[in-house]
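Chain lettering (A, B, C, D and E) follows the sequence in which the chains are written, and residue indices restart at 1 in each chain.
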Amino acid sequence: MAVQPIVTLENVVKSYGTFTALHNINLEIAAGEFVTLLGPSGCGKTTTLRLIGGFETADEGRITLAGSDVTQEPPYRRDINTVFQDYALFPHMTVAENVGYGLTVRANRRPKEERDRRVREALTMVGLADKAGRMPQQLSGGQRQRVAMARALVRQPKVLLLDEPLSALDVKLREAMQVELKHLHQKLGITFLMVTHDQQEALVLSNRIAVMKGGRIAQIGSPSELYDKPATPYVANFIGAANLIACTYLGEEGNIARVKLADDTVVSGHRAENAKALKPGDACLIAIRPERFQTSGVPDGGSAINATVTDQLFHGGRFQLELVLDGAAAPLFIEIPRNSVVADGTVPQPGNRITLGVAPPDVLVYAAEEDA
Amino acid sequence: MKAKTRQTVGFWLLFSLPLAWVVIFLILPYGAMGMMSFWSRKFPLFVADFQFGNYLQLFIDPQYSAVILRTLKIASLVTVYSVAFGYPLAYFLVFTIRSEKLRTLLYMCVVVPLWVSYLLRAYTWKIILGTDGALNSALLWLGVIKEPLDIFLYNQAAMVITLTYIFIPFMVMPIFTALERIPPALIEASQDLGAGPFETFLRVILPLSTAGIVAGATMTFCLSFGDFVAPVLVGGPSGTMVATVLQSQFGAALNWPLGSALAVVIFTLVLVVLQVSNRLDRAGRVSMG
Amino acid sequence: AELNILTWEGYADPSFIEKFEQSSGCKTTSTYVGSNDDFAPKLAAGGGVYDIIVPSIDTIGLMRQAGFVQPIDTSKIEGWANVYPEFSTATDVAAEGETWSVPLVWGSISLMYRPDKIEPAPDSIGVLFDPKYKGKIAMWDDKSSLYWTARLLGYDNIYDLTDEQLETVKQKLIEQKPLIRKYWATAGELTELYANQEIWVSNTWTGLQSKEVNALDKGFQVVEFTPKEKAEGWMDSMQLVKGTPNEECAYKFFSFMLNADGQCGIVGSTGYFPVNPDAVSACLTGAEAEAKKVNNIEFVKSLVMWQMPARLDKYLETWNAVKAAP
Amino acid sequence: MHKLIWWQKSLVGVAIGTLLFLYVPVAILILFSFNDSPVTSFPLSGFTWGWYQKVFANADLIRALGNSLMVASAATVLTIVIGVPAALALDRYPFIGKQLFRNTILLPLSLPGIVTGIAMLNFYKQIGLPQSLGAVIIGHATALTGIVVSQVLARLEKVNRNLSEASSDLGATSVETFFYVTLPNIRSAIIGSALLSFTLSFDEIPVTYFLTGREITLPMYIYSTLRRGITPEINAIGTLIVVVSLVVILSSVSMLRQKN
Amino acid sequence: MAVQPIVTLENVVKSYGTFTALHNINLEIAAGEFVTLLGPSGCGKTTTLRLIGGFETADEGRITLAGSDVTQEPPYRRDINTVFQDYALFPHMTVAENVGYGLTVRANRRPKEERDRRVREALTMVGLADKAGRMPQQLSGGQRQRVAMARALVRQPKVLLLDEPLSALDVKLREAMQVELKHLHQKLGITFLMVTHDQQEALVLSNRIAVMKGGRIAQIGSPSELYDKPATPYVANFIGAANLIACTYLGEEGNIARVKLADDTVVSGHRAENAKALKPGDACLIAIRPERFQTSGVPDGGSAINATVTDQLFHGGRFQLELVLDGAAAPLFIEIPRNSVVADGTVPQPGNRITLGVAPPDVLVYAAEEDA
């Protein structure tokens, strides 16, 4: 990044008792970025956020905020605000009091007029100007979430931390709030660092995503980088549900790698970073996205895979087919848009045999040692 | 059987015994007491009647209002001191003790005395506060005083100390529960918004624990208001409390109608306190979501 | 058969009660009161639980008037004739042409003090009102405080004070309150107050408490004295609860208590004085007998014997008002 | 976490002081139960087991203890028999006056015991029930049922409401559901509140004071002894009671705190 | 339906106090069907299920089970079992005891050997044979869900009721369990009646879906019927996120209805059932599915709609575009598969103008009176 980073973590380590929650984390976030920490439960996302927010202290390493070392500062001396997972609205204050709280504290007391104005602005921004007098318990989940946003934003922090800000909302609301969150970020230009375990959310919102695994950052990059070039099968599987198929490595010609599946089908693909050391005969894994399979024929230079349909799931706009590959045990999922199918009039039914085509760029070859 | 009928039968099977019991042994006795408060004294006993003389006497004879006021004063002091000591203790247990196990253990230590014979706990203070007691001997030994002091025992201060001692656990329990229920995220949110620890305490923790304080204060106030052991054991000549007077109306004075009237007054007072605390408590609870 | 007695501690000591149970075949159960004021409430509340009660002479009249007790057929009691007539015919023992109670023991109430703290030796009730001894004085928590004060004030109709006199007495007692350490309620409590250095002077049940305090040997002695305004006297007697089903045993008990085993037993266990001098001739001799005022009925006359106040209600109310005062 | 600052330190000081304040008296009580002098004043004069021997030799005291145990057990059984169905009814059925009933049954817990005692005394007198341990038992049961009701109700509210529906869904009748599903889930609350009732009844004075007849309970015995004068015998009983209640209470609290 | 219905509800009404939770519900479920009740919170789904299960009693109407009237029967006399939302496992019993419970009650006590065998079979069926001795609190959410299934199924009920059986699970697990649920239904042939508020779940699993609204059934039909021919804009919006656009009705030629949008664009579509009464000039609504818009041209007989791209959301396999229609305020969402976009190399960016084509069958015309 060219811009000077607003938040940096350098070799940060954090343990709870004998358990090391974070191993040597390094992270740089540029001003104005929207970065997401993504990973399964217990991988250390919240811990990372809490270290930056100041609610925990790092055992080792350095955390800087806009260039100054804040590793040992308490939360109330950091120019950062947090939107908590369950919002942590003060139940004994009205919406306006909640939002204004950060402007009444001794360290940052503002004159009443300024405070009122800023509270009003913040509430207007999140569309809750008319709810100022309500108590938090009188609001719906989505409204609470927005109050929490307003409360953090009214302080005009350099960085906004969000710990699973949408996870308590139901699907429809979550999708709507994702869009709002994105617009808010675009409008304000504040740096957002968000935690989520929902890959869809991460893909939609972020400039960059850091995929974490067991207290380490497995890969960091833009959504399309992660989707198109996942560094490991773990990342491939975590972002966008890849199909992972065991294979035997045959060799490479040009940039086309060739592998053999259980039923001896030969498939062409591209080697991922971690597969550079593969030698012919080694065990490998290929990853293919559900939507990259073609049911209408085999593309030029592509491979054909034979499978049996075991189930057909109707998703409205598209079908999801569950297949079993010849000679394999684990099922495979592919997605086909409904309109194309309907046009043909051919919806593959359970029991049908089917031939799938995949182009080499859609097949990523990995070494098999990684657990998926 | 129709579903409705089945419900009704089930309900009465369960509920008839408790209802009968409550009516016979709780509502009727309180009712009877209310009735008797209108009876009149007729030496040496009393006769059924309907007149307001007993209440009148309670209101015009200054000895009763004096005792009621004194009792109110003592109960209030006990409540205030119990909060003053109980709150820091509860706070300490919840926020300072990090280890879950130690916290539970200490909490138990606070709660357990509550159930250890009330009488004995009151009585121990007599041993401690006496002219020849533990406190004086300790002070003598430390050289703070030359002669034992007799200011500790047999006065209202002794009663307040004893009752405070007895009721602190009552205070700690609900405050502890209230503090424990405060989500740590709220405290973090406050700090996150720039408030230091003291400001966070004043503006977040304290308001959110009022329900606990109210619950504890109500209990402490009501029970110390009706206490009749402390005056006997550690109270001095001016230590008469309402319960002592009540007791003597049913004892020595043998004026049950007057006693009943006094009991009705206490009953009403307690109901008022409970009602007020219920209001406050509900406000607190609403604010906890 | 059984016998339920509501009495004072020490009045049913196993040392002599066992003998009664063996000789009469009546099983006894005793319940103890802390004060004369406990009798009426107990009977008013429960009724039918007790067969015999043992109130003091100022309370037996109340029991009769409240209808709690029934007259006694003295002819069924052995030794009745030997009881001091001053007691067996006293007011309220005999009333309305009937006998209502059987005298049991008697005693006096005098003053007691610590000579190492109080000099010169006091001779008047006034010592209880002396500001010099502020915080070191105890008074019995009993309506008898009114009698003491009335006598100090020189009233001679102490059981029938006028409203003004009662008011004066009340004021005097309220004035005294700051001097008082504690109103004592029981013999043991008074003993304790002395033993723990809480008080130096008080009124006392003659004979009993001074002996107990001195026996503790706490490095000081207490001395009893009869004030120049005289001591007070009391007498406890047994009454038959109305409608008791155990009348037969009750009469056996009366007889037993008036005779040698009973009188010696109770005098021995309490230290009070026997009502039947003949009965104790074998167990009390010489100095002992003199100390117990055996045959010294003159002593009775030197006392201000308790009576039921004419306006008991008013007295109780006054005493309560004193205690309630700030 | 960051270092404690002044007000937090003083708070910790007060807290520790208060904890000591709670335990010093208990320590003194125990100390004097071994003190070789009939008067409870300092300095201590020597060690003795004598007061304990006296306790066990004191027939009245043992009898009072027996009465107390009897009263507490009977009252506890009654509180359960009345309180558990009441809690079930309150939990399960909507009915008019529910809140009133609940408040009424809880009322004696906040009302000074002396008022309840007097009310019952009045009433018993009017219906001709004599003062007796039986009357005391009824009094205690009435005064303490609120504990069982509130504890069991709290547990019932916590126990997943669907459990009994699940049970009847699986073919169990109401009675089967009660014994197989509801009871096991509220058992510890019942035991816990029973232990509490027991301790409170065992320690009860004001109601007992007015309702007891010839027979007295241990607290009444101690109360009268206290008024008569203190002997270290009381300290010895006290120490025994402290030890026993500790055991009872620790188990009851752990029952009540038990989750799920 | 040809088959005799296993469950019927006839004119069922249920009120709580003054609030009517169900107005006159009629429903027939055939043996072996998988029917889903779908609708927003508070619409009466759970109430319907509880009436069938016997936990509530209908105020009016009749409920029959396999032909016999059970309206007044208690739950334990109905040959129906329920999987509760939070599973309601007995916390004091092991997994095996939980599952066996329904075979030990007096009304249906089985000999120990039979019971053990059936419990074992049921646990094997849900893949938990090795967890028989565990306590429920020692299981994960998905495992508990399966125990609840086994407990209900071991009684071989005629009908299985499921109240949001998967809602307590996280996304990945929920998707896996959906597939399992579907397979279980296919294998057992028992009638399933499920409540959900997740339209995706309903689409994937059901033979028929009943969409509820405010205590009434808004529409009942197969997933594709509901998706393709929603009876009202409400249903259209609830199932598969339709774009609803306000319009003015112009008239019909043949079966092609013509409407005018805010910017006077004329769009051709098909009239839905509730639009039969529309007269030219009436206010109307059109519903178009996000994936039915074509970015590559206007189909024959189709309409062209002009819009401005306001946002582009990356979803991995596809893009979602947020657009604003000329002359309209509310945004529109369309979905385009990523591979096609990538092939063209043209990803519409925020600010781009775009022309969308829609074929008449993909445009449904409704009367405007319904609230969406």
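Here, a contact is a pair of C-beta atoms (placed from the backbone, for glycine too) under 8 Å apart; a residue touches a chain by one contact, two chains touch by 3 or more.
Chains and their UniProt names: A, E = Spermidine/putrescine ABC transporter; B, D = Spermidine/putrescine ABC transporter permease.
Predicted, not measured: the structure shown is a model, and the values here were computed from it.
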Completion exercise
At the largest C-alpha centroid distance from chain A we find chain C
Fill in the blank from the handout: Maximum number of contact pairs occurs between chains B-D
Handout entry: For chain A paired with chain B, centre-to-centre distance based on mean C-alpha positions, whole Å
Key = 55
Exercise for the section: Please report how many Å separate the Cα centroid of chain C from that of chain D, as a whole number. Expected result: 38
Fill in the blank from the handout: Between chain A and chain C, the Cα-mean centres are separated in Å by 92
Exercise for the section: Would you give the residues of chain A that are in contact with at least 2 other chains, written as numbers and ranges? Expected result: 74
Exercise for the section: Indicate the residues of chain C shared as contacts by at least two other chains. Expected result: 44, 185, 196-197
Exercise for the section: Give me the residues of chain D that touch two or more other chains. Expected result: 40-41, 121, 210, 227, 230
Completion exercise
Note: in the complex, chain C contacts chain B through residues 35, 37-38, 40-41, 44, 62, 65-66, 135-136, 143, 177, 180-183, 185, 196-198, 312-313, 316-317, 320-321, 323-326
Handout entry: Complex contacts: residues of chain E adjacent to chain A
Key = 170-171, 178-179, 182-183, 197-200, 203-204, 223-224, 227, 239-240, 289-292, 311, 313-318, 320, 322, 335, 337-339
Fill in the blank from the handout: Counting only contacts in the complex, chain B reaches chain A at residues 183, 185-186, 188-196, 199, 203-204, 207-208, 286-289
Handout entry: Of all residues in chain D, those that touch chain C in their complex
Key = 38-41, 121, 124-125, 130-132, 210, 213-216, 224-225, 227-230
Handout entry: Complex interface listing, chain D residues touching chain B
Key = 4-5, 7-8, 11-12, 14-19, 21-26, 28-29, 32, 40-43, 81-83, 85-86, 88-89, 92-93, 95, 101, 104-105, 107-108, 110-116, 118-123, 126, 138-139, 141-142, 145, 174, 196, 199-200, 203, 205-206, 209-210, 219, 222-223, 226-227, 230, 234, 238, 241-242, 245-246, 248-250, 253, 257
